[in-house]
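Structures are listed in the sections that come next.
Shared chain: chain A. Partners: chain B in the first complex, chain C in the second.
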Partner chain A sequence: MTTAGGTPLFLLEFGDIVISFTPYTTSLFILALVFTLLVIASRPERQLDIAFGTDAYMTKEISLSEMRFRRFMAIACGLASMGAVVTGDLFDFCLFTALVGICNVGIVAAVKSRHVQNAAYQYGLVALAATVLLFGGSAMVAATTGTLSLPILATGTLPAVPLAVKAFIVIGVMGEGMAPFYAAKAEMFRAPGAPYVIMCSLSSLLIFLRVIEVVVQL
Partner chain B sequence: MIGDLLYLIFAMIFGLLLLGIHRKVIARIQRRPGPPVWQEILHALKFSFKSTWIPQTASDTLFVSVVLIAIGIWTAAFFVVLAGGNLLIIFGIYMLHKIVEHGFGLSSGSPYGKFGGVRSVISAASEIPLFVSVAAVVIFTGSLEIGDIVAWQEQAGPLILAVFPAALAMYVVILSKFPFSPFSIVESKEIVSGYKTEHFGVWRAGLEACNGLKTYVLLLTFIAVFFGPLPFLLILLAMILITVSISFICAFSPMLSPFDSVTIQTLFTGLMLIYVVYLGVYG
Partner chain C sequence: MIGQYYSWGLLVVLIAAVAGFAALAFEKDDLHRLLLIDLVEIPSLGFIALLGTDLAEALILPGLVVGIAELFALSQIYLVKEGLQDRPVRALRIEVVQRSPAPLVLSSILVVYGVILSGFTGGAIAALGLIFLFLAKDSADDLHLLELASGMSWVLWIAAFFVFMFLPEYWYAALMGAAIGILIKVVTKLALVGTMWGEQA
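And now, the complex of A and B:
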């Protein structure tokens, strides 16, 4: 059985849910794992800001309680990303993707900055709206083919999934933080705490890379 | 094994040489003498022996590990291309380079690095044309494996003739990653050196080596996917020719503002998406 990501190196079965490690998904999984370990091991940087019109500059410090909360959300985001890139079930993929969106908001939720909070709120609205397309697309795949299992869908023996349904799923994932919807998210990167903020862009990128494989084999 | 490692080192050095040729051609077009073509190799060597430090404000672990990740992902990409592996993995690694730029920029705490990193994130539209290239190639060859795509071209001729817009899309993607290109807003001079401002000494040498390898891998992928199997020397010659063509574009085009850069890339992405939908329906 060959999928768009290559021949599976091994399959991990949980009942009827199969976790599929192809060369492609394994590469993405390793990257998500490496960055999650970095989140655990790294301390946040102290961001410098120049006071406009003067020679002065300020250093932003992150309090311990804020750091703990954001690190927890970043680790949760890493775990959700790992789940999204290796799952062999379309519904689970959508679920992990929605979880990534929630965690992204959580990563910056404790930052005490009006700009960051506004950006997180707007991004949250876009991500929330995107889940409708995401789960709607997933439901339509089930209605068309009778299954949500990605390895079975990749066999090509089932009825073809309409192009509009594939577009629903892709737009749903894009709503979780890819172009052009990242515009809502860009201000979130003003927040200090590089190891945690970086998970916001990494997780969106990983789920976008995975959805390409998913859509190609539908 | 040793042969592969030697080839990897050669690829890094040749990639740096290509970047040196790039600078030289731009300078000559602009009637400047320019640096010698091996200047980028000298840069990498020079930084290897310079004093190395980590800024006091930096996130130490991220600051250092992002250099290793950069070298790691492009080394992996190099071996995937050599093994004729999956094109999606190359696509993924290319997109993940954005995270590396982001990590470089944000980890130091410097506002210049931060601006470079944030600019890298907002120019995310520049990667989508690569996806269009991949989709067009799959529609024609029926495979995502580079080995299969090269074999297909042995039978049917170079793919560039069949899907010229897709080749153009990948060419623009490569252009956007070259220094001094109209789209290289992540390292423009008003933010010093952008995302790499604070990485000095050995860290910068690692980044330079990664840039050399990245250039080689992207050009090798472009040639393998759109021109098919070529003798080794002809591949190197094709790399030089593509680099010179990119240098001409860079020499004649000003660097765009971040807003214009993103707008043009988004428009180009839209056109390419229409092309691939057309191919999918009528191709």
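And now, the complex of A and C:
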């Protein structure tokens, strides 16, 4: 059984949900694992503000509870991305992706700044709207092919999935993955809390890479 | 696999989704947007429900849970960003309801009906009965017992799943265990939500 990601090195079966570690998904999984461990081990940094025209600078005060919450969210985000990159079921992929979206919002929403929270709120609306396309897409895949199992879909013996449905899934993942859009919000990009914001970018990158593999095989 | 009217159903759901998105695009107020996004979530469940199979029934629950989780998260962010956290939430203080035996009768009917239904739906109905009772009565004292029952039923539920996996020949006992476990779990969890809501006042 060869998929777009290569021949599976190892199959983990839970009933009819088969998690396959192909060379492609395994490398994504290891990336997510390494960064999650880094988030667990790393020490948070404080942001510096320089007073213009003088030599003075000040560090921003960030409370311990806020940092704890953001670390928890970053770890949850890492676990969700690990699930999303290895899962062998389309609906599970959508659920994990939606979880990544929630965690991404959680990482930035803990910042005690009204502007950052405003941006996080708007972003959360986008993520919530994207679940419509995500779940709609996977439900339509089940309707046209009769299965949600990615290894079975990859065999190519089933009826072809319409292009619009593939577009639904891709746009849904784009809405959930924060990375390309959060850079457009200035306040969100410079939100304090150095090591944890990286999970936003990394998880988006991983789910983008995985959704390409998923859509190519449909 | 799919029914005869699937395409028509799909059309209706798509129109509903487009209408929801259009409303979102026009709306400028943040709170109204939150309410509209809840409305937009419904077509996403509609897409799944259109499958019309057992699978759809199993998939709706996680879809719903994810939607509600995101909605909770967003409303929390809204409360923080608008600075609305210190507003007290009041319990139902209706004198007539508090003094009459009506809540007890109504909630016991709901609980008995819920137990007969069993499973997740039954749990939700029985929990409604308990929430009504707790909201109507003034005090809630035995929270520890509820928490204990919630934890124990969770253990029962998980144990039933292990029986399914490792001792499949006892599937009937496992089925009953899982059904009772999820029933008590949902009842206690929702009832706890109800009492804590009342306690904040």
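By our rule, the second predicted complex is superposed on the first by the 203 of 218 C-alpha atoms of A that agree within 3 Å, B and C clash if a C-alpha of one lies under 4 Å from a C-alpha of the other, contacts with A are read in each partner's own complex, and residues count from 1 in each chain.
Methods note: contacts are C-beta pairs under 8 Å (C-beta built on N, C-alpha and C of every residue); 3 or more make two chains touch, one makes a residue touch a chain.
Fair warning: this is a prediction, and the values are worked out from it, not measured in the lab.
S.K.: With both structures lined up on chain A, is it a clash or a fit for chain B and chain C?
M.R.: They fit side by side.
S.K.: Does chain B (first) or chain C (second) touch A:V197, or do both, or does neither?
M.R.: first
S.K.: One more residue to check, A:A120. First (chain B), second (chain C), both or neither?
M.R.: Second partner only, chain C.
S.K.: So, A:L209: does it touch chain B (first), chain C (second), both, or neither?
M.R.: So A:L209 only meets chain B here.
S.K.: For A:F21, is the partner it touches chain B (first), chain C (second), both, or none of the two (neither)?
M.R.: neither
S.K.: Where does A:F29 make contact in the superposed view: on chain B (first), on chain C (second), on both, or on neither?
M.R.: After superposing on A, A:F29 lies clear of both chain B and chain C.
S.K.: Going by the contact rule set out at the top, does A:F96 touch chain B (first), chain C (second), both, or neither?
M.R.: It touches nothing on chain B or chain C.
S.K.: State the minimum pairwise Cα distance, in Å, between chain B and chain C in the overlaid complexes.
M.R.: It comes out at 23 Å between the closest C-alpha atoms.
S.K.: Can you pull the chain A residues that chain B and chain C both touch?
M.R.: No residue of chain A touches both chain B and chain C.
S.K.: Using the touch definition up top, name the residues of chain B that touch chain A in the complex.
M.R.: My answer: residues 56-63, 65, 69, 73, 76, 85-86, 88-89, 91-93, 95-96, 98-99, 102-103, 106-111, 114, 117-118, 121-122, 124-125, 128, 131, 134-135, 138, 144-145, 266, 269, 280.
S.K.: For chain C, which residues are in contact with chain A within the complex?
M.R.: My answer: residues 1-2, 6, 10, 13, 17, 20-21, 24, 30, 33-34, 37, 40-41, 43-45, 47-48, 50-51, 55-56, 59, 62-63, 66-67, 69-71, 73-74, 77-78, 80-81.
S.K.: Given the complex with chain C, which residues does chain A contribute to the contact?
M.R.: Result: residues 91, 95, 98-99, 101-102, 105-106, 109, 114, 117-118, 120-121, 124-125, 127-129, 131-132, 134-136, 139-140, 142-144, 146, 148 of chain A touch chain C.
S.K.: Residues of chain A touching chain B in their complex?
M.R.: For chain A paired with chain B, touching residues are 4-6, 23-24, 27-28, 31, 34-35, 38, 41-50, 59, 163, 178-180, 182-183, 186, 189-190, 192, 194-195, 197-198, 201-202, 205, 208-209, 212-213, 216.
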